[in-house]
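Next, two complexes with chain A in common: one pairs it with chain B, the other with chain C.
Now for the complex of A and B:
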């Protein structure tokens, strides 16, 4: 007898349909899996055997051939346990054929329990778009699957439960579809807790409002890390499509197991400076996403920026420009989105005291040069805002005017983002930072006094053409925060201020 | 190269450019040829108490093959040499007790320079020292003088850069370096070295291919002051190598000038002390130096930088005026300024850019701001002042 059950596979973020075929022929119990299965798939034989017996069904004593089509794509992991088991049961005539538009995913335990798997959401989104409306998925993956409007999703605890559903003795109810609320979990730091640093806080507001990258430079203890960690508290809520994108990426790496469905909070990733290029960019034999993709739609915070390996930092250049990254490995090849706000923090010199009023810098000029040169010019060019932190003295810590709360700042950020969304509705982008040079020309053309000022800035600050464009983009964001449709000279002037740091000059 | 220069080069090599030893040996004979002949004939009786190592070097270097290769290498690399006997040897340097027996140089060597002034100071400079070194470097060059510098990091290099910024001067700077003429110290100064060699002169008494060692710096400093008519100390800390240059200058009868600094500034302790003890003349503008040399006396208008722009206080924006008034009371960082003036961070940033571009203020590391008095003089209207 022959049987067919549908399942799904993933290349990067894109899914492909896997047809699981089982054929049972007379024989002495040979079992073979064909169709480029990896070891985990081949081992499924033993799990399936035990699980079928434990679920009160009989395991056919015959030659069994399992084929996973298309035969030229590699099938990985344990997600095919459930569809293979169903195909075998169907081929041996123990259950009725499963409807054509149904997808089954899940790993089996020896006792028949269905265990959670990775990548359920991206697979389901793709399958649903291709006309598959019914899904059998592990119970623990139910949360992430509950946002697909129109799909009938059965979250199953065990093979036995599924079999009772299939023979209609105890039908399951599909899981309720939830609607996206976008409510935010409060972040641990609030901007009102940061003493002083008004100028740097303003820069952070600009960076978040326009999706700009930011470099924080300052003496140790000036609050670089604290400011960066407070940034999630002013990030605007994600839209449903943004949340889906983020959840898909996190789903592949298995971070969604047992969590409450969609990622609602924008990701904040802070890898240590020992990170390798493949940890940051993505890699491994399966070409999994790296930190920059996990930070998609959120913040990538790189503390001690120059301490990262040079080659690791340079590999950031292309994704910073393109907003996506293609990870190529011998056995796999995948493209992941990587549109994040880069927040980098660095000391002004190896000892950290350069530019300090109270402490003496003990570094030699060549040490400082070497330290600063670890961050290359092309990389700095791609960072829109260069912010020097001021040194916080005693009176700043003790008495200060009351600082603004994150909630207040976030309202302004949201308003500015709304203006941007309206402006770019036909351009396929969301923020000012994503503008290409053609859009920059359309939306930010300096005139009159602004033009002379920018000319002066261009020569005085030795801006490259790319850096110049970034100044224009930042000016656009500042004008948006101001609610101005026109970019005024004062907006350009403020934008230039965020580009002129003495500490980076050696 | 004359035969005489060839022999000077030989003895200079053999004595490892030790001037004392060089002249002691030379005095025992009538001429350098006789020294050479004595070595060729291996009659070392007239040399007195001679170190075995020097004897060895004399013999090795006396071979024609060796000297030809040495001189060939020097000429191939475009290196010039001059000896106290040569016409282009600096006259002032020839007056000191132990002038270098051979100077290796790149660029143009001139015997007489109109007004050579050594600008010296510490390696770790403050922003004030950097500004002043650049200003006086350029002003010395503008008044047809030549800046003499060691091209070390800090004040030395800044003074050289200032001098090079004067485009009409045809010999703005001399660099006296502490290493072989074919090397660069500190590394990273390559471009500055090239510019100095191109527009002025780069010179050293060190043998080619020797890298600098601690003890050569005091020896180098005697050349700095020896080449100059005056020595200007821009910044010097409590214990600074600069004091050795000052001692040399006093010994050689050169004038010493010092830039006064704030009493609390660590990098001005040395200069203020020189002034307090009467060892240096305090300098408040370039005329204080020029007036010591009659041929260069010019009309004194008392300004630190006569080329400074003038800006009306009333032409500044409201926030610009407030920032200027706040900075009059000392450097402030961006957060301090927010406490002083009535403005949002956005307004402050915009105003700061405008003031920086009109050169009324300047940004320092650590987001500090200071009044750019060297470039711009802000004048008040009569009604307002």
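Now for the complex of A and C:
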């Protein structure tokens, strides 16, 4: 006899329907899985056998063929255990057919318990958009599945429980749909704890408000890392669609298991400088997302920037421009969003004291040149805010009066983001940094004194065309923070000043 | 020697049932090295050679008799069948393997055509 159960698969972040067909024919007990299964799918046979027996049903002694359609797409992982088991039980006449618009996902334990799987959220979003309204998913994945309004989701503990639901002896209640609150938990670092460094704090505010990249260059102990770590505390809340994007990416890498549903806080990723290009960009045989995609809609913090391998840093160039990255491998190919704020931190020279007011730099000019050349020009060109940080004086450290708190800064950032959201509502982007050259022309056209000032800066600082555009975008953000609809000369002046760091010139 | 007797009886029951199903016997217990074919039959209608493995059990067994035709056993049967075909010059004949399950208590026979 024949049975059909529907399940889902993923290529990158995009889902595809998998029809699980089981055919049971008279025979001596051959079992075959066809439809491009990987090893984990093939091994499901043994798990399913044990789980069916443990759930009090009988495993048919007959020739079983399991087909996973479409036959030309690779099926990976253990998510098909549950649909295959259901198809076998249905084909052997032990359960009634499962409704057509139902998707089943889940890994089986030998005792029939259903284990959590990766990628439930992106699969469900895609399936729901394609008209599948009912879902059987592992109970540990329930949290991330509870935000799809209109879906009937059953979070199942064991095969036995599901079978009792299906024969209506003990029907399950669908999990309640939650609404997105976007509430933030307080971050561990606060801007009020950072003494001095007002210029750097201001730059951080601008970077976060407009989604600009920032490079902190300064002597050891000047607070570069501390400032970067405090940045999550001024990041604005995510919208529901942003939270979904972020959660989807984290879901396919298996980071959402057992957590409380959606990612609410913007991600802050700080990979060590030993990271490989695939760790940063994405890769592996399954072409999984890397740090830059995990930092999507959030912050990617690269401490000790020049210590990263050159080839790793250069691989950041294209995603920094495009906001997405295509990971290609022999067996898989996937495109992931990667729109993040890059915060990089570095010392000005090998000994670290260059530019210090109190200590002497002991580096030779050639050492300094070699060190500075580890970060290439094209990469610096893509970083809008270059900030110098020198050590904080005694009086600033012992200052009792607390500095401005993160909550206050966050309010300003949120106001600026709101202005941007209004401005770009028909342009499909969210922040000033995402503007393309056409939008820059529309929204930031310098006139009068501003124009002459920019002209002078362009020639004196040897700006590239790209850098010039980025200066305009930063100026737009600074004006937004001021609540000005026009960009004033002082806004341009501040934006230019973020491009004119002495320490980065050799 | 009771197991062998039981096996012999099973084979007799199976052979009779296959005769009724329109087959004639070509050989019984054909040996090729250490590989053995219980029955070699031929379908009268199509001329297909049928190599039959008979599995006899009494009712109180844990598993189905057919489940004891393992991969290794199947490989042995394939070897023996090749040997039989070679010896008798049957190179162009269609052939297949059947497993016949015999329940000794009530002489119930279950035939699995094209079992592997």
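In this section, the second predicted complex is superposed on the first by the 503 of 506 C-alpha atoms of A that agree within 3 Å, B and C clash if a C-alpha of one lies under 4 Å from a C-alpha of the other, contacts with A are read in each partner's own complex, and residues count from 1 in each chain.
The definition used in the following text is that a residue touches a chain if its C-beta (ideal position, glycine included) is under 8 Å from a C-beta of that chain, and two chains touch if they have at least 3 such contacts.
Everything numeric in this text was worked out from a predicted model, so none of it was measured.
Asker: After lining both complexes up on chain A, report clash or fit for chain B versus chain C.
Answerer: fit
Asker: Return first, second, both or neither, reflecting whether A:61 touches chain B, chain C, both chains, or no partner chain.
Answerer: The answer is second: A:61 touches chain C but not chain B.
Asker: Using the touch criterion from the header, give the chain among chain B and chain C with more contacted residues in chain A.
Answerer: Of chain B and chain C, more residues of chain A lie in contact with B.
Asker: For A:29, is the partner it touches chain B (first), chain C (second), both, or none of the two (neither)?
Answerer: Second partner only.
Asker: So in the superposed three-chain picture, is A:253 touching just chain B, just chain C, both, or none of them (first/second/both/neither)?
Answerer: neither
Asker: Tell me the contact category for A:366 with respect to chain B and chain C: first, second, both or neither.
Answerer: Touch status of A:366: first partner only.
Asker: Which partner does A:192 contact after superposing on A: first (chain B), second (chain C), both, neither?
Answerer: Neither chain B nor chain C is touched by A:192.
Asker: In the superposed model, how near does chain B get to chain C, counting Cα atoms only, in Å?
Answerer: 74
Asker: Per the definitions at the top, what is the overlap between the chain A residues touching chain B and those touching chain C?
Answerer: none
Asker: Quick one: which bits of chain B touch chain A in the complex? Just the residue numbers, please.
Answerer: Residues 123-124, 153-154, 186-188, 266, 333-336, 338, 344-354, 356-357, 363-368.
Asker: What part of chain C is in contact with chain A in the complex they form?
Answerer: Contacts found on chain C: 63-64, 66-67, 69, 99, 112-113, 115-116.
Asker: For the complex, give me every residue of chain A touching chain C.
Answerer: Going through chain A, the ones touching chain C are 26-30, 61.
Asker: Hey, which residues of chain A end up touching chain B in the complex?
Answerer: It is residues 196-199, 201-202, 218-219, 348, 354-357, 360-361, 364-366, 369, 388-392, 396, 453, 456-457, 460, 478, 481-482, 490-491, 493-494, 496-498, 500-503 of chain A that touch chain B.
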